[in-house]
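In what follows, chain A forms one complex with chain B and a second complex with chain C.
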Partner chain A sequence: MSRPAVWPLVVVGGGPAGVAAATEAARAGLRCLLLDEAPALGGQIYRQPPREFTVRDPRKLGRDYLRGRRLLGELSEAADRVEVRSGTSVLDIVDGPELVCASSGGGTSSVPAERVILATGAYDRPVPFPGWTLPGVLTAGGAQALVKTMRVQPGDRALVAGTGPLLMVVANQLHHAGVHVMAVLEAGRSAFTAGTARRAWRQWGLLGDGGRYRLGLRMAGIPVLYNHAVFEAHGDGELRSVTYGPVGAADWQPVRAQRHRVDVDLLVTGYGFVPSTELCVLAGCRTEYVDHLGGWVPVRDDTMQTTVAGIFAAGDGAGVAGSVAAVEEGRIAGITAAEQAGAISAAEAQRRRRVPLRRLRSLAGVRAALDEISRPRPGLCQLATDTTIMCRCEEVTCGEVREAVAEGARDLQAVKLLTRLGMGACQGRNCTPSTAALLAAETGHPAQQAGRINPRPPVRPVTLGTLAAGQEEAR
Partner chain B sequence: MQGDRRCRVTVGNERRLAGGISRGRRVGLVVDGDAVTAFEGESVAAALLAAGRRGLRATPRRGDRRGMYCGIGLCFECVTVVDGQSGVRACLTPVREGMRIGTGQDGRGYPDADADAGVDADADAGADVDAGAGRGGAR
Partner chain C sequence: MSRHSTVVVVGGGVIGCAVAYYAARRGLDVTLVDMPKRGRATSASAGGLWPMGESVGLGCGVIFAKTQLAAGGGAVGHATGEPGRLPVSFLDFALQSRAMFGDLAEQLREDTGMDVELEHTSLLFLLYDSGDESYAQGLWNDYADQRSLLQWLTPAEVAEAEPAVTRRLYGALQFHGDDQINPYKLADALRAGARAHGATIIPHTEVTGIVRHGARVVGVQTADRTIECDVMVNAAGAWAAQIGQMAGVDIPVTPVRGQIVCTETLPETLNACLSTSDCYLAQKHHGEIIIGSTTEHAGFDSATTAAAAGSLAAGAVRAVPQLAQVRVKRVWSGLRPGSPDELPILGPVEDVPGYLNACGHFRTGILNAPLTGLALAELAAGEPASTPIEPFLLSRFQGSPSRTVLAHA
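== the complex of A and B ==
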């Protein structure tokens, strides 16, 4: 397949949204390039075992594996029009648009595009509490990566804590991986109320999944404690035990008087997700703060176009709504990109968008119900004490942040200047969501007033050697 | 909570789940000077976890132990010294035969490429520096 000098469409991200976008665009006859960081497509949820592993029994790898295979199967039917570049990170988007990429083989390259669909996904919302930096404390996504992809048992005795439907999924996966899951602590209330069921009406897939995972825990004898959270992780160099207890139903304030301690060597935390919007911001897309979508998200119309012509955003990276919604958003973006490129007529595009749009609308009800249960409450900020690390990279404590606030810091930029918070290798991904929440709690202002720490290229760390190799290539 | 169940002790390969897949070729790693067996396709983080090693670095300021946290390459908690190069994310980096990995057991953090005791002194002479990390040299 010859490569066009300027790609009609470049899709960034090979998860559910990106794969669906590339599939629809290719089906409509558009040539596109799909860039993905990982060695194989699938994103976090559909991440496949490494190439060096041979899958003997797909059923043992779980439902996500099979769903991922199905989605990737759709893409392979349109493979003649899609070039996939795995192991490729996008470092920057410059005017044009032009994407600056680094490949695992070394060196950088520049990819000019007429249109770009950003499907960059989301990451686990970090919630600091004393001891959360101990080895043995993992995010839900991290635990899943080990079990689903690496097929390694991350611990012997575990607690799973946080909020949202993913907790039940992870607890089941850990149980099947041989981990003794002591309990699931959900900070919110049960999703299995009449209200949610009514709103989830006709969402048989989601209802079935939810019921199956809840039933799985019951059969395994794993208790689910609602309005409970982890207060502290203990250990010297490694996790040994955890203190947990009830939280207030309305604000999730920890009720420390009723705390318990349990010996575990694995603590999995999942407090929902934060969209990865760095590339959106670098591309100049306007963003807004939407609490129930995970924080800062690009402003979009209903065909997934951002405020910058030719730049689309789809999936959890544009607002956390889960993999089912991500696929539909990706389809809509792919169809619209093909329409703009003239591959299909406006009428045909409208016809093709009809089904995914309808599916998105029908998901909205159950999403709203689940979002309300899992919306992070201000009490979570009370878990961190003055000695708790807020910024893992620069080892900045909660006490140092509070001091900065006392000195007059009112937003993240000011906290960064006073404390170095957010200046480390993760570029603030780990610390800014929780520090924004802390600022809101300390100042009484809404979290969006804390602003954000502006992403700077390269949005993925790259060695000077790689950058130098790229320049040589260009000469 | 049910605390009555037996706590299973797992060592070495028992952390690797059987069934469903077969792993790649067996490879040998050197971790903090010790020989560790891994399988092609595994990430450094997964291989070290399977070997019972969860601490992957020591922080530069306090010397605290840190391990894999996000597992998807975003948090930079799992950065180790690999073949003399510092700042390598263990969760994303596949193992290779003969790979030498330093986890800062001597209490030094990842900015020091020579924290891996198993690496020859000249091996880190060409170690690259992270651009975009924003970490100042002086502290």
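== the complex of A and C ==
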């Protein structure tokens, strides 16, 4: 397959949204390039075990694994029109648009595109509490990566804490990996109420998944404590025990008087996800703050196009809504990109978008119900003490952030200037959501007024040697 | 809402903070109004204190000269690929300002408890080829007065002093006294020190207007207040022309973009700061290596480009080969407050009483902050400046002989 000088479509990200987008665009006859950072397609959720592993019983790997296999199967049917570049990260997006890429083989390259679908996914929302940086404390995503990809057992005795449906999934996965899961602490209330069921009646499949995971925990004898959270992790160099207790039902304020302590060597926390919007911002797309979508998200129309013509955003990277919704968003973006390129007529595009649009609308009900249950509440900000680290890269404490607020800082940019928060390798991806929440709690202003720390290239890790090699090529 | 302050400083970068600090230390009633802007040079700076290096065109100058040569000549004086040198008046000012840092760092520690991370590194100009060597030889010959600050290093001596540096060298010219500091901490400490000495800091507040009585500046306006003053100091960095305009003064300051690549935190890799014809490198107290910098006229656009990052990265790997394996943390850019002759614009403006300039510091705002702060504090107090500021008056651009007017005499 010869390569076009300018790709009619480049899709960034090989998770559910990106794979679905490339599949639909290719089905419509459009040539496209799919860039993915991982060695194999699937993203975080459909993460495939390495090739050296033989899957004997796919059902054991869960329904998500099967969904992933089905989606990747669809892509392979259109493979003659899709070039997949795995191990390729996108560092920057400049006017043109042109994507600056680095490949794991070394060297950078510039990929000009007529249109781009950004399907960059989301990352774990960290919630700081005393001891959260101890070895042995993992995020839900991190723990899943160990169990799903490497089949590693990350600990012996574990507590799983946070909010949202993923907790149940992770607890089941840990249990099957041989970890003794002491309990699941859900800061919110149970999702299994009449109200949720009524709003979600068309999505029995999803609720069924949740029910199965809940049932799995019951069979394994793992208790689920609602309106409970981790207060503190203890250990000297590594995790030894955890203090936890109930939180207020309305705002999740810790009720410290009723705390308990349990000995564990693994604590998995999951407080939902934050969309990766760095490339959207660098591309000049307007963003807005939408609490239930995970914070800052690109503004889009119903065809998933951002405020920059020819740049689309789909999946959790454009607003956290889960993999099932991501697939539908990706399909819509892929169909619309093909329509823009003239590969299919407007009428045909509209016809093809109908089913995914209907599915998205029907998902919206259950999403709204779940979002409301697991939206992080301001009481979580009270977990961190003055000595708790907020920014791990630069080791900025909660106390230093509070001092900066006392000195007049009202937004993240000002806190950064005063404390170095967000100046580390992660560019503030990990500290800004919780710091914005802290600023909101301290100032009484809504979290969006904290603004954001503008992303700077390279938005993914790259070495000087790789950048320099790109320079040699350009000469 | 209205209040009065003897001195109002507009701009909270390192220059504004230094003016506020020295003025407050003299006992003047000072208010500083600050609106942090994207691209402010203090936050983008590498923190080099290189009076010799900057005066003779090392640091960014030599990189710019080389790109000009590659682009086919360009600016007058750069056609040879050799960087321009700044006048002796600048070197004297910069050396004097550099000499203030030791005491200032101690004083700031006493005033605020903050450490500005002043490090005695020296600056090494790495000689890659015979062109670099003859340029260095010219410096050696021409700066006989500063010979005590200069030292030739053979390739073997460079290898011993800087094991990480490439061996493919003709040698190096070392500039003693060209050291470094943490620029953000310097600005922070000056701000905190000013406050400790009684200055009022109004953060995150845009100046919306300058109040004049006839030609005289009598106050500074923000969205919610007017601060009456005897003297207003324009320390607005790359935005100085806009503030000048509000006061009826034309200031020829324009933003000059510089892009910088910053590595992840590393163990001790470099002892000295390095200057080459491709880039400069400075390992900071924190362990990051800062690699700068381009010289671009891109208006107020503080974006970064892949081409600049690639070329700085290539320059860094050439100078220190082991950096090829090191991760890039961030690429950013800053807007230097550039003046037409690359010299700062300081002091009073003829026929505009109540107004003082502290702007146009181009590449050397960090280095020249202490002496600028001291001189402006003296002028604001109605006293003569203890260093000659005539070469830096705005009137040098107006073609008329300069006349030192005490601002509010």
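The working rule: the second predicted complex is superposed on the first by the 472 of 475 C-alpha atoms of A that agree within 3 Å, B and C clash if a C-alpha of one lies under 4 Å from a C-alpha of the other, contacts with A are read in each partner's own complex, and residues count from 1 in each chain.
The working rule: contacts are C-beta pairs under 8 Å (C-beta built on N, C-alpha and C of every residue); 3 or more make two chains touch, one makes a residue touch a chain.
Note that the coordinates shown come from a computational prediction; the quantities given were computed from them, not determined experimentally.
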| item | value |
| --- | --- |
| Partner chain in contact with A:D92 - chain B first, chain C second, else both or neither | second |
| Partner chain(s) touched by A:G465 [first = chain B, second = chain C, both, neither] | both |
| Which of chain B and chain C A:E407 touches, first, second, both or neither | second |
| Partner chain(s) touched by A:Y123 [first = chain B, second = chain C, both, neither] | first |
| Partner chain in contact with A:V137 - chain B first, chain C second, else both or neither | first |
| Touched partner set for A:E395, first chain B, second chain C, both or neither | first |
| Residue contacts with chain A in the superposition, chain B compared against chain C | B |
| Touched partner set for A:T443, first chain B, second chain C, both or neither | neither |
| First, second, both or neither for A:T108, with chain B first and chain C second | second |
| Partner chain(s) touched by A:V152 [first = chain B, second = chain C, both, neither] | first |
| On chain A, the residue positions that both chain B and chain C contact, one per complex | 423-425, 427, 456-458, 461-465, 467 |
| Of chain A, residues touching chain C in the complex | 91-92, 94, 100, 108, 110, 407-410, 413-414, 417-418, 420, 423-425, 427, 454, 456-458, 461-465, 467-468, 470-472, 474 |
| Chain C to chain A touching residues, read off their complex | 36, 38, 43, 184, 188, 201, 203-204, 261, 263-264, 291, 304-307, 309-311, 313-314, 316-317, 323-332 |
| Residues of chain A touching chain B in the complex | 37, 39, 44, 49-61, 123-124, 126, 133-139, 141-147, 150-154, 156-157, 177-178, 180, 182-183, 221, 223, 237-238, 262, 276, 392-393, 395, 423-427, 429-430, 456-467 |
| Residues on chain B engaged by chain A in the complex (per definition of touch) | 1-3, 5, 7-10, 14-17, 19-25, 39-43, 45-46, 49-50, 54-56, 59-62, 64-77, 79, 85, 87, 91, 94, 128-135 |
